[in-house]
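What follows are several structures.
You will see subunit A twice below: alongside subunit B first, and alongside subunit C after that.
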Partner chain A sequence: MSMNDLIATIKKVLEEVDVVLGWTRSPAAGVAVPARFHTPDEADGAIFDSTCTHNLAVHLPRLKNSKVGIVAKGCDARSIVQLIVEGEVSRDRIRVIGVPCPGVIDVKRAWRCFGFGKKIEDAGGRVHMEGRSMPREEILLHKCHQCQDQEPVIMDLAAGDVKSVTPPPPPDKTGIRERFAAMSIAERREFWREQFSRCIRCYACREACPLCFCRDACSMQTREPHWTGGQVNAIESEMAQQVRTSHLAGRCTGCEECERACPVGIPLMLLLEEQNRIVEELFAYRAGMSLEDKTPLLTYDVNRDGGWR
Partner chain B sequence: MRFIAEDAIPRLLEHLAGGGRTVWAPRVARDSVNTVLFAPWIAGEPVETGAYTHLSAKATLLPPTERLFGFSYLQTAGEERIELEPEEPEENHVLFGARVCDARALAALDALFFPAGGGFNDPGYAGRRSGLTVITLACTTCDSACFCSSFGKGPAETDGSDLILYPVANGFLAEPVTDAGSELVRLDLFQDSPLDKPELAVTDRIETAGLREKFIDLFSDIDLWRQVSEKCLSCGFCAYACPACHCFNIFDEMSGDREGERCRSWDSCMFYSYTLETSGHNPRPEIAHRYRNRIGHKFSYFPANRGEILCTGCGRCIRGCPAGVDIREVIRAVQER
Partner chain C sequence: MPKTEVKIIGFLCNWCSYAGADMAGTARMKQPASLRVVRLPCTGRVNPLLVLKAFREGADGVLVSGCHPGDCHYNEGNYYARRRMEVLERMLPALGIDPARFHYTWVSASEGAKWADVVNEFTRRVKQVI
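The block that comes next holds the complex of A and B.
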């Protein structure tokens, strides 16, 4: 896919929508940042590369009164589908531009290893930063390994050949997931206590999540119901995160935005991946795969199922 | 000037921790990928003298949650009364490895919680602040998010520090700023050195001249605020990472129905609930209203009320923003309007 294909497609979509959600390059950060294109001139700044990590679907429920175009990777498309299934976004006011995605880079990890704003170049199977380089498999987001969703499940137009990309190989076996899997229950308890001891309850996880739509009415921040205390400590933070996680049962598409957004690097996806695995095992269901699907835990019918007992 | 070798830093930290003092220093969080945070130093654990911390050092003075007092309802001879259990102020903290942008934020925090010219002293803050020693690491390099050169003497600022360490080969030149700093450099961990101070970083800049009035003029330009905040997701990260943001919420947490504690926690004006009134009305319903307040408080209201800008150019809100918001772009858009 060339940038010209992308820009031309965005311009075409702009003829029928008010705004297109995409990415542009930040001069300071040297990587992609989300951008809104209202005019063809603005669209000339559009890019797509492997630093386009953000899931722009999060903005769709916030733009309820506009016709919106959105540039979507395969994984982002699943969030869009789930939002439509849940009635948060109406299909007829959005136009989805699919892009061929070879996997996106864990930009935060790159910055933490090499420094913020260092130029990141992804070429020839390697990621180059400040004269150093590493195989791209080593610095991709976890979700990108063996990705099954590269072809967007919802798409009105494609910028480039979305079927042309091959999924990156599985991750190497030295990461936090393998260490976590090997832990006993007691060790996991201690692990989470340690992790949540640095949570500051900024709720970046919640705000970056396209499906966490309670937002301004979130039970983690209310006094009634008083499910979590207002103290910032490991116990309250873990409770708050457990509420968030269970609320996403059967709804999480695994986009990894919560973990990417976390400013203190808590591996939140360990919780969600396990829950997603259980949902798939119990219901043979992956969220956001089809507009016809019903989310298992949203199928309760008070009339059919006998009401609350 | 005095010099301390890099391998003498652990001994300096041990000295600082003597007498039961808590030494806050930049450390890599356990089980994390290079997440560097200020945390109480534990003997034997390494400190990061070359890394950026992802959150500021303000938790040293303003903990994310602080117990103000405990209370219990007591019944004696048929009469109910409330007994309060005051919190003893903590003292004697040391902040090691702060940056100039952390240290200079103390002036803004002091202006509110512990004003030099008198006024209300917040007991918790004042206790921690009056016993605080600040040892600052000067910056010889910076990254593209840094913009402290916009304020005062920039990387050469000494306000807020007791002692400044300048990185040189194999160690640090030490320049005392206060008596507490002078006392430290007399320790035999330090030697005299003929070296000159290294050249300091030169960062990006924003123009703050006239911003206080400009903001007031543009307050009602809601299109501008919608445009500059369109990427923002309205989480509280920027406020919580900021060395100068200090808004808080006060609430009671009960354990059972007879006793509880009154606490103060960090709060952020980016949250919808921050201004939500009991009636259900919210004067800042949109992200644009909340982001406008963020800019106004930092660059207009607080400077007008307390004489300090609530931004030190540390760049943490830029590096960590999950949505890619850059406060410098916002200030430039406001200045160009």
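The block that comes next holds the complex of A and C.
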């Protein structure tokens, strides 16, 4: 895909929508930042590269009264489908521009390795910054390894050949997932206490999640129902995250935005990936795969569910 | 050393298990004093967070019981509950909570003896893991 393809596609879509959500390069940070394109001139600044990590679907429920175009990676497309299934976004108000996605990188980690603020470039299987480089496989987001969803499940127009991409290989290093899987239940109790003692209750996890659209009625914060207090301590913060996790059961598409947004690096995906695995095991269901789907915890099937006690 | 006293919170449906528990009581069947009952209109009311909140507040075990599938007073409450409870139970190990401390089941109003068994057996199991 060339940037010109993308820019031309955005301009075409702008003829029928009010705004297109995409990315542009931040001159200060050197990486992609979300952008809103209202005019063809603005669209000239559009880019797509492996620093386009943000899931722009999060903005759709907030733009209910406009016609919106959105540039979407495969995983973002699943969030869009789930939002439509849940009635938060209407299909006829949006135009989805699919992009061929090679996988996106953990920009915070790149900055830690290279230093902040220089242009990060991805070429020849390596991520480069000012003459230094590292293999891109080492710095991909976890979801991108063996991605099953590179071809967007919902798409009106494609910028480039979305079928041409191949999923990045599995991660080669053992990381937190393996360590967590090997822990006993008591060790996990201790692990979460420790992790949530760092939570600052900023709710960035919720704000970044396309499916956390309750806004001012979010029960991570409400007094009524009062699931958890506002005090910033491990117990209250863990309960707050249990509220959020349970609300995502059967809805989470595994986009990793919550964890990416968390400023203190709590590995929230350990919970969501496990819940998604359970939902798939029980209901053969992955959220956001089809507009015809019903969210499994909002329905039941007398015949198929009989196996449980 | 297994604990001798445990605290178990029971979320019971008013139309069946609560009545079953009542029957077991009236018939003076032997039951441990470990259970504190919260009466609900239907298991469809059991938000999984009620269970997690009970654990967080210090419950050793949490028991959810309602009408047998097919017999819900509101026709379908327990079909929803069954899905939610199954996901919750399987999530507990990742949350760092022993799944042996949680149990959901179906006990009708006429099953007083079964109720006593359920409570006795669950209490025994909770004592082992606490």
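For the reader, a short list of remarks on this structure follows.
What we mean here is this: the second predicted complex is superposed on the first by the 296 of 309 C-alpha atoms of A that agree within 3 Å, B and C clash if a C-alpha of one lies under 4 Å from a C-alpha of the other, contacts with A are read in each partner's own complex, and residues count from 1 in each chain.
One rule holds in what follows: contacts are C-beta pairs under 8 Å (C-beta built on N, C-alpha and C of every residue); 3 or more make two chains touch, one makes a residue touch a chain.
Because the structure is a prediction, the values reported are computed rather than measured.
Within the superposed three-chain model, A:Arg36 lies in touch with subunit B and out of touch with subunit C [touch as defined at top]. By the touch criterion stated above, A:Arg109 is placed in contact with subunit B alone, subunit C being left untouched.
Looking at the shared chain after the overlay, A:Tyr300 reaches subunit C, while subunit B stays out of its contact range.
Of the two partner chains, neither subunit B nor subunit C is touched by A:Ser133. Looking at the shared chain after the overlay, A:Asp216 reaches subunit B, while subunit C stays out of its contact range. In the superposed model, A:Gln195 makes contact with subunit B only, not with subunit C. When subunit B and subunit C are set side by side, the one touching more residues of subunit A is B. By the touch criterion defined above, A:His54 reaches subunit B but does not reach subunit C.
When the two complexes are laid over each other on chain A, subunit A has residues 191 in contact with both subunit B and subunit C. Interface residues of subunit C, counted against subunit A in their complex, comprise 48-49, 52-53, 56, 69-70, 76, 79-80, 82-84, 86-88, 90-91, 93-98, 104-106. Interface residues of subunit B, counted against subunit A in their complex, comprise 29-37, 52, 54-55, 64-65, 143-145, 204, 230-231, 233-237, 239-241, 249, 251, 253, 263, 265-266, 268, 271-273, 315, 318-320, 322-324, 326, 328. Remark: subunit A residues 26, 28-30, 32-36, 54, 58, 109, 111-113, 115-117, 176, 191, 194-195, 198, 200-204, 206-208, 215-216, 221-223, 229-233, 257, 260-261, 263-265 touch subunit B in the complex. Interface of subunit A with subunit C (complex): residues 185-192, 227, 235, 238-239, 242-243, 245-246, 249-250, 270-271, 274-275, 278-279, 281-283, 296-297, 300, 302, 305-306, 308-309.
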